[in-house]
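Here is the structure we will look at, set down as structure tokens.
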Amino acid sequence: MRTTDAIKVRITDGPLPDAPARNADGECGAWVVFEGVVRRDEGGRAISALRYTAYEPMATNQLAELAGSILNTHGLVRVEVEHSRGQVPVGACSFRLSIGSAHRKEALAAMDEFIDRMKQDVPIWKEPVWA
Amino acid sequence: MRTTDAIKVRITDGPLPDAPARNADGECGAWVVFEGVVRRDEGGRAISALRYTAYEPMATNQLAELAGSILNTHGLVRVEVEHSRGQVPVGACSFRLSIGSAHRKEALAAMDEFIDRMKQDVPIWKEPVWA
Amino acid sequence: MRISVKLFGAEALAAGAAEAVIDLDMPATCAELRKAMRAQAPALAASLDWARFAVNGRYASDDEPIGPGDELALIGLVSGG
Amino acid sequence: MRISVKLFGAEALAAGAAEAVIDLDMPATCAELRKAMRAQAPALAASLDWARFAVNGRYASDDEPIGPGDELALIGLVSGG
């Protein structure tokens, strides 16, 4: 786990637990949370789970660097990233990005950019576990 | 509360409770959740809470109509809306929009459009409770 | 007859009341209601240039008919979220 | 000397292994590593046209020097999220 006041990054074994309680100090007027959930099919074929591999510590470092870059570019208050490694069953959450910001527009733009860049640069891979 | 399989709308007295558990059937690959949180100042002046008034049942009906329109336009799987009425203290959540969708892009676009249209058309008002 | 028009937000503040009581011959249209309110509720003049009416909980255009028993509301800028 | 390059995802599948073992004179550059892998790991030929190297956990350009003890990885298409 990599943490500053504004940034949290955590890679967890297996499905992510429910969203952690968030700081309620009234600084963020908007929280936008993205959750990636394992869908029951992959290319039309049923799966029972996805299995994630992360190249550590590079994956955590890249996520933290990306979080910092997005925080500064979009003027956000908080960027929190959680990603699974290992096996995550259908219906469970494997990725959560939580962005706290004064207002909504910058949080939505930041979320889109974060996920695009993560899917380019962060060394994490998934493979299907067929049903 | 107005509910179909795909749409839920609920206006709640006071702060919203934590996000309800979501259906984990693996149909939605992406959940995007927006939470509006009461900030500690309004126009630079400290507040202790916001007080919301909803014109009912019009507010619930408008939210449900908007949810249905957004669901269809963006091809979403789920649209769930919660809004407070009455008093909501600083740091607490007064509005939550949860969008479940196969993929991310349409969920983010839908969220932005929903909130813009809500702020135009849904008869809910807020006033500051000064600290 | 006397009808009541619900007010909220800035309009309720401007009028100092949660409703405006207006004399209007029924049946009428929203346009006629708007005109009557301009004359009888001067505190709402600024809003009446652009605010929408809701009739029985739905937004109504100015040519929409209204009659006795309809629930009427003047909806100015909303501020949910 | 013999060096090991970590493989993941499609590259690990193509090579049938979680690393490629390559003979390369050190010190060298990532470009020289890429050339040596093309010759010695033909199963990775397609990826070697564009995949990036990471040196000690950071993406490295082709002119970056590498030496004994550096941790090397070939990073193809990632698929997190």
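Each chain gets a letter, A, B, C and D, in the order it is written, and its residues are counted from 1.
In this text, a residue touches a chain if its C-beta (ideal position, glycine included) is under 8 Å from a C-beta of that chain, and two chains touch if they have at least 3 such contacts.
Treat the numbers as computed from the prediction; the structure is a model and nothing was measured.
The chains touching chain A as well as chain C are B. Path length between chain B and chain C in the chain contact graph, taken as the least number of steps between touching chains: 1. With chains reduced to the mean position of their C-alpha atoms, the one farthest from chain B is D.
The distance from the centre of chain C to the centre of chain D, each centre being the mean of the chain's C-alpha atoms, comes to 72 Å.
With centres taken as mean Cα positions, chain D sits 48 Å from chain B. Chain A and chain D have centres, each the mean of its CA atoms, that are 27 Å apart. Between the CA-based centres of chain A and chain B the separation comes to 22 Å, rounded to the whole angstrom. None of the residues of chain C touches two or more other chains.
Those residues of chain B in touch with two or more other chains are numbered 36, 115. Inter-chain contacts, as defined above, occur between A-B, A-D, B-C.
Residue ranges of chain B in contact with chain C, taken from their complex: 36, 52-55, 57-59, 61, 83, 94-95, 115, 118-127. In the complex of the two chains, the chain C residues touching chain B come out as 6, 8-9, 54, 57-59, 73, 75, 78-81. Of all residues in chain B, those touching chain A in their complex are 19, 24-40, 90-92, 102, 104-105, 108, 111-112, 115.
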